[in-house]
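Okay, so subunit A shows up in both of these, paired with subunit B first and subunit C after.
Right after this comes the complex of A and B.
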């Protein structure tokens, strides 16, 4: 099983949840289909969805909720 | 209430603006900053800088404990909140005072009262300031709704009591539509906000946004005339002017006098703005809300009155009376401000942080550029996209527009996308030049031009 990574498309702040009072989009162990939203990157108050371009199972989140991220930085590790 | 040092709890151009005012009064400037802003101009130009947390605003510029701790550790005598962030947070103002420092702004109670839409509306009505006609509080049954509708007249808005930011609003144009929409609106409000309360408000079509700048010292209050801010995109102001091109002299005096009445009624302290909707056809204005802070667009008022509003708010915080009497505030000429944002108008205003590779700022009479940019500055992705404000002043609106056109042509910001081209197109537009616009003008204008001028695009 090769591991794949979903990277941040933009610089900004990474969020795992659609809103502070809602559950995360994905947890470790969840399956991810192509096109699934795995998080949000906020850049200058504009919110951009991070979408999976490959399918798999989440093995790890490589950054924490509300962490600052750079473009190309790996966010999520997938297996499968 | 005297102090000789001030902590600036903000960033970007407004931090520099406060720095300038504070230094003009001989104060020591202490700049609070996030880790991402360590290399910023406000930090470089301060007498002292103190880090208040990581890049994310929630953990730095919005952290009350971090800012209070930094202010105490640095020995600051006062705290200036700027705009945005904690500027209208009553708990923050209270915490500053509880820590033995002066909050440069209104009393915490005033922030709390005027920040609540229903209470602010009640205060306005009590001060004899017209508010948008509507039902007396919440509407319970259909018969009560029909009676209120008959009193106010159609078209009407059904608004959710707990709504905000444009959500939970429906337009109805007749009794039949009211009957049809009321229970749906109540159900939606319940689902969206957990509160099914709705009220009715007159719908003012093609309204203009005018607002009055006021200054109060806790006892007396004066106005510094009005600004017109109808050119908005997604409820964000893009271009502001003073005075409003839509008011006649009598209406202007009446509008500004109403703002002073409300400021006096609440014993307002500091700089504040009362926002109104203006119905040009009826020549009627209606109070909508108050902002209890300095505003982004304050420079246009400074340009037409000669006042230094930021210095005035600091002096008021020091316990001094108002710097001028109402008679001494004279309206002179016309000023326009364009917000230069790091956004790409050809890509639906997508924001673009990055490094400023080149910067050329126009110079000349009646020009002002409030900005924190410098060549080599990295515009961080964590905060709003405002790069600077280009402000022009002329003897009249025609001269101001001519100066604006020249100034926009002379401005060069390279390395990030900017909204300069949008302003160039607006400054050349016949309707804008004639002063004929309302709060929906810019979004219609952008939609009409999608794909033709390369400015703006439909949808997301």
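Right after this comes the complex of A and C.
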């Protein structure tokens, strides 16, 4: 199966969880449907959801929680 | 003429060259953060330099045009697409009635400017069509664009062909790494120690993710150490506080001595934080193109150099005007 990537639409700070005390949106091995939220990018005091445009299974997170990210930077790798 | 907003982007606002003359009443300049880029976009499509366009921040909108329109995108490298087909930046192209203008992800810079022949025809408020979102003033209903908004476009002023381009040498969208902001130390410079003065220029700062049109915040440098003082009446005990004063556009305040904030086009006009000095006017447009986490250094200059830089920038804009006359 070809691997696909979900890229960051924005520059900012990447978060894997909806809130500090909640579990991550997705873990490695989880399935992702089109429209699923896989993380959040914070910029200009607003939190913006990163939404999957393709379906698949998460094989890897390419950045860590709270990492600085750039637009177009791959965040999540999907298989399938 | 009109277009409809299908997806608004992150913080897309109507901006022209701003609303000077009311800052003493607390109403800021507003207007395009990168004035030169908006001027270039307007002149490309045959508008007057100060027509209203859209400021696109980090992520572009999706716009459906109801009529044929000639447009141009300048500033940050935010690649435009018409019905999915890539279009050049700094170059005019046509969007036909029913077609969708969208944008690929940001490649370089932070803010792109979209000019449409005829200009965006929102009401003029206090002499400007610029959006001041914090005050719900001007622009489209005083706010950033939302899905479903329909924006009116004026009648084109001049006939200009598609494919008209601004020469690469006149496009300013590259920034050094680190970016350099020149500043004039100001009235309160003496409030920090000599070591802190040297450290402020020696440190490499990084754009904080919360930086916006109101102020550009920087972090990552060492906290500034203050010269001890007896707090003057009304200043309070925090050493970064002063007796309330005017805040110039471009002034650099450092609340608590930790994170410098350069006030930009939607800033408040006064308050009680000391200011290190002021970023020179020639470098204010550059700030518009700084992405979060971008490394930045501040460099001190004298008034003479600041005035020379201002004259050079005006000459650059004159070259753009001559090239697109």
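Everything that follows uses one rule, which is that the second predicted complex is superposed on the first by the 80 of 80 C-alpha atoms of A that agree within 3 Å, B and C clash if a C-alpha of one lies under 4 Å from a C-alpha of the other, contacts with A are read in each partner's own complex, and residues count from 1 in each chain.
The rule is simple: a residue touches a chain if its C-beta (ideal position, glycine included) is under 8 Å from a C-beta of that chain, and two chains touch if they have at least 3 such contacts.
Quick caveat, the model's predicted, so the values are computed rather than measured.
Asker: Could you classify subunit B and subunit C on subunit A, in the superposed arrangement, as clash or fit?
Answerer: Subunit B/subunit C on subunit A - steric clash.
Asker: Going by the contact rule set out at the top, does A:72 touch subunit B (first), subunit C (second), both, or neither?
Answerer: Once the two structures are laid over each other on A, A:72 reaches subunit C alone.
Asker: Which of the two partners, first being subunit B and second being subunit C, lies in contact with A:39: first, second, both, or neither?
Answerer: neither
Asker: When the two structures are overlaid on chain A, which partner does A:56 contact: first (subunit B), second (subunit C), both, or neither?
Answerer: A:56 contacts neither subunit B nor subunit C.
Asker: Mind telling me which of the two, subunit B or subunit C, contacts the most residues of subunit A?
Answerer: Looking at subunit A, the partner in contact with more of its residues is C.
Asker: Examine A:11 and indicate which partner it touches, taking first as subunit B and second as subunit C; both and neither are also allowed.
Answerer: A:11 sits against subunit B and subunit C alike.
Asker: Can you tell me which of the listed subunit C stretches (20-28, 164-172 or 308-316) runs into subunit B once everything is aligned on A?
Answerer: 20-28
Asker: Taking the contacts subunit A makes with subunit B in one complex and with subunit C in the other, which residues are shared?
Answerer: Looking at subunit A, the two contact sets intersect at 10-13, 43-46, 68.
Asker: Sort out for me which residues of subunit C touch subunit A in the complex.
Answerer: Subunit C residues touching subunit A: 10-11, 57-59, 105-107, 110, 209-212, 291-293.
Asker: Over in the complex, which subunit A residues touch subunit C? Could you list them?
Answerer: 7-13, 42-46, 48, 68, 70-72
Asker: Using the touch definition from the top, list the residues of subunit A that touch subunit B in their complex.
Answerer: 10-13, 43-46, 66, 68
Asker: Given the complex with subunit A, which residues does subunit B contribute to the contact?
Answerer: Of all residues in subunit B, those touching subunit A are 36, 54-56, 58-59, 342-343, 350-351, 353, 381-385.
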